[in-house]
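Letters are used for the chains, namely A, B and C, taken in the order the chains are written, and counting of residues starts over at 1 for each.
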Amino acid sequence: MRSLAKWGVAACAVVAAGVFAGAAQAADTIKIGTFLSVTGPASFLGEPEKKTLEMYVERLNKDGGVKGRKVELVHYDDGGAPDKAATFAKRLIQNDNVDIIIGGTTTGTSMAAIKVVEPAGVPFISLAGGIDIVDPVKKWVFKTPHTDRMAAEKVFLDMKKRGLTKIAMISEDAGFGKSGHDQSLKVAGIYGIQIVADEVYSPKDPDVTAQLTKIKNAAGVQAVFNFGFGQGPAIVTKNYKQLGMSLPFYQSHGVASKDFIKLAGEASEGIRLPAAGLVVADQLAATDPQKPVVTAFKKEYEAAFKSDVSTFAGHAYDGLQIALAAILRAGSTDKEKVRSEIEKTSGYVGTGGLVSMSPEDHMGLSLSAFRMVEVRKGDWVLVD
Amino acid sequence: MWKTARIGGLGALALILVLAPLGFPNAYFYDIAVKALFNAVVCIGLNLLIGYGGQISLGHAGFFALGAYGSAILTVTYKLPALPAMLLSALGVGVLAYLIGRPILRLKGHYLAMATLGIGIIIHIVLKTESGLTGGPDGMGVDPFSVMGFTMMGDRMWYWAAAALLVLAVWLSLNLIDSPVGRALRAVHGSEVGAEVVGVDTSSYKVMVFVVSAVFASLIGSLFAHKDGFITPDIGSFFRSVEFVVMVVLGGMASTFGSVVGAIILTLLPQVLTVVEDYEAMVFGGIMMGTMIFLPKGLLPSLVAGLRKRGGAAQ
Amino acid sequence: MFAELLQYLFAGLTSGAIYALAGLGFAIIYNSSHVINFAQGEFIMIGGMSTAMMVAAGVPLPVASLLAVLVTMLVGVALEKFAIEPARNADVTTIIIITIGASIFLRGLAQIVWDKEFHSLPAFSGETPLNVGGATLMPQSIWVVGVAVVVIVALWWFFNRTLFGKAMLATSFNRLAAQLMGIGVKKVLMVSFALSALLGAVGGIVVTPITFTNYEAGIMLGLKGFSAAVLGGLGNGMGAIVGGLAVGIAEALASGYLSSAYKDAVAFVIILFVLFFLPNGLFGKKGTDRV
């Protein structure tokens, strides 16, 4: 049994070695913690988020940091697993002693981390879409992306304008699509929209023509709305065209990246979706306050990584800017001060839109932050 | 001889569990330790099935998740106290395991793996889809564990509870293995036909360990839900089932302490591997392969055999 | 009414043929070694990803495909040589863990060598759907089915008409006897991995225009392929094809007539039921236990 004792000691030593490495740091650096889903099903969201944070933190340090204080980024990959996210949040707070946390790629990982962040009292800016993150308002929790409910509202508003009232929904059965679906059902009535067919698919289904056939044959459908992200919506779009369906087709903000158009190809022609100004940076009016911000970010990101900018990268950028501005205004990294400064964020123009937070609103975006875009000739075109 | 070794082992384990917190500088260490100990208990149960019963299960995370959601739903939605909710969930899981255990444990090898995998996936799909009850893929919140006005708060308190539970589980497992049931099980593992020929009712023994291991998973699932305060269907996914099996096999099949070692190492490994960042998956997979190639009997049994050999050579 | 059913069947055929191709890879390795290779899905991913990346870099599709197949076979042989062979006498469960470790390793490698984005390939014969009886089918789906058929015929010929194929089959029945007859068991094992890697790569290439691919694409395909192989009866190539098609069609019909949320569950319930009555799958041999 001595062997067992040895193992125990060895295990403790290994963990301690791995973990202490991060603990001893100069006291006056600003420590920003982040946990993102860099691997796993949401990796194409987490990856650009991580790259963005790293790039801007590095740039900031090169320019002398925040009032002379260097910024240090501590990152962990939660693989998209909520319980791992909670553990990493705990690690960031307890072991790395971070001043603020920016992260949480998905709603599930963010919600799990909230259970750790709230009692510990550390400001947390989530990068996920779910409305549950900030509704009801939690003292220490903020978020930068638009909510799924807003996306649904924006889509329904557009449908109403076009006189479409009976629609079919098809949504992904994973977190993003499921939550978006539920929010859509909640707000549909307000806009006089009636959902007459309701189908789901799994994110990795090779073919969804069966579900679409059901929708096609449902009586009275005037438009179709798909809530999902990743390759799923691209497959739905291709199958939609395969079946020769020509009803107006809406997607969610989950596909607001060039990759979607690339994957779905010609089939994506004519699709409408709500998106942040970032994806149509060049088409914004010169007077648009967002124009300089999004054009600059797009240019910097694309120059640094040689890949198309996505709104997800923008969420991370906004989160970082809001955090840094709050720390500057607070004049310290005192957690309560920073928290209340984040809450006072007002008139910040980010990639997602105009952000004005309040004690009752920890996101601060209004419906006008969303633009309705349409795919035409393989590119996004602003339609309102 | 066997008895003293058992008491010695339990004593050593208890001692390590008591001393380990001396090396824990903050709550995060306790949190990881609790998760490791929880996994260890699940693996002890699973090892009875895999290591002693010779039956594989790729669906145990399903039972874990059912325990977690059972407790969550009963306490949050139906306002039941935590303890009865936990026991009721475990009872439900036990009955379910009994009902499905009877037909599927007739299957062998990879067919059994497929069947248990299917059951795990079906459970996962139900948890994901019935969002009215479970909150869907984005999960649901769970209240802290409290019994008669006493509430389990903080990672330290959970650590001592988990440590006590682990010692209890090890004791139970060692006793079970040493009982007539255990001997019958080992006979089943060695040769099922042989065991039947000498009059062992193999199928009812197999079903029994299946139920016991499922109940272990369910109970720990319940505690996990209360501890983390937030659960998603992700805890019942296929990967988690595989993770449990890997813990058992890596630690050493048919070794109760091996399961404990396997669970602890595999829980800590991802935390340590954050230093290799992007290479984490590669290193993790490499370690898994390497261990199984060079120590096919698992960590602990190989280590013990190695020590014995060295001891023998020295004499 | 009929058009609807036909469309569901087409949907099932598309998915089913994909699962069947994945399942065949399991069957080949199982046949010669009784090993279940949980890294089979990663062979498919590597085939698809490397082709997609090379085509994106300007390599013509046929050349890229050929190179991708070679790369994947190399990976397959390396896996056998460095991971399976040293552990050949280990417990079944131990080998399962090794292959699961290998799949994690290969995914980790892919995300570093390539990236985490989704990639696609142009469809081989265009994207104009074929109209049959009011339902539509993409030409690429026919490619997938066609490749599956060609593969099964080629395998049948290989195992029944060539000396080496027969030797492999013999090894699957009784390894020791085969060895005594002078069959190089090691070589058989290696060829079986190369063969199933080839199959995975080809599958990955024809499937990518339909499902796209990324470094994690192998997980789902591996899982469905395993299901297909077990449902059909392990080690039976025809069984894997039938199993794959059955799973695909069951899913499509379930989402058409029952509930799309529970379509995967329906497929697994069917598999469970089949196993209750046929514990060795649809076409599996009744094994005898050694006492």
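The rule we apply is simple: contacts are C-beta pairs under 8 Å (C-beta built on N, C-alpha and C of every residue); 3 or more make two chains touch, one makes a residue touch a chain.
Everything numeric in this text was worked out from a predicted model, so none of it was measured.
> For the protein chains shown, what form does their contact graph take: line, ring, star, complete or other?
Complete.
> Between B-C and A-C, name the chain pair that shares the greater number of C-beta pairs in contact.
B-C is joined by more C-beta pairs in contact.
> Could you give the separation in Å between the centres of chain A and chain C, each centre being the mean of its C-alpha atoms?
Computed value for the inter-centroid distance: 35 Å.
> Between chain B and chain C, tell me the centre distance in angstrom, where each centre is the average of that chain's C-alpha atoms.
31
> Could you say which residues in chain A touch two or more other chains, in rising order?
Residues 39, 173.
> Would you please write down the residue numbers of chain B that are in contact with two or more other chains?
Expected reply: 129, 280-281.
> Using the touch rule from the top of the page, what residues of chain C touch 2 or more other chains?
Within chain C, the residues that touch at least two other chains are 111, 261, 264.
> For the complex, which residues does chain C have touching chain A?
That would be residues 4, 7-8, 10-12, 14-15, 18, 111, 115-118, 120, 127, 129, 136, 138, 207, 210-212, 214, 216-217, 219-220, 251-253, 255-256, 260-261, 264 of chain C.
> Provide the residue numbers of chain A that touch chain C in the complex, in ascending order.
Of all residues in chain A, those touching chain C are 38-41, 43-44, 47, 173, 199-202, 204-211, 213-214, 217, 230-231, 234-235, 238, 241-244, 259, 262-263, 265-267, 307.
> Give the list of chain C residues in touch with chain B in this complex.
Chain C residues touching chain B: 30, 36, 83, 86-87, 90-98, 100-109, 111-112, 223, 226-227, 230-231, 234, 261-262, 264-265, 268-269, 271-272, 275-276, 279-281, 287, 289-291.
> In the complex of these two chains, what residues of chain A are touching chain B?
1-5, 7-8, 11-12, 14-16, 18-19, 21, 23, 39, 75-77, 80-84, 86-87, 90-91, 93-95, 107-108, 111-112, 114-115, 130, 132, 173-175, 178-179, 182
> Under the definition above, what is the set of chain B residues touching chain A in their complex?
5, 8-9, 12-13, 15-16, 20, 23, 25-29, 31-32, 35, 128-129, 131, 136-139, 141, 224, 228-232, 234-235, 257, 261, 264-265, 268, 270-272, 274-275, 277, 280-281, 300, 303-304, 307
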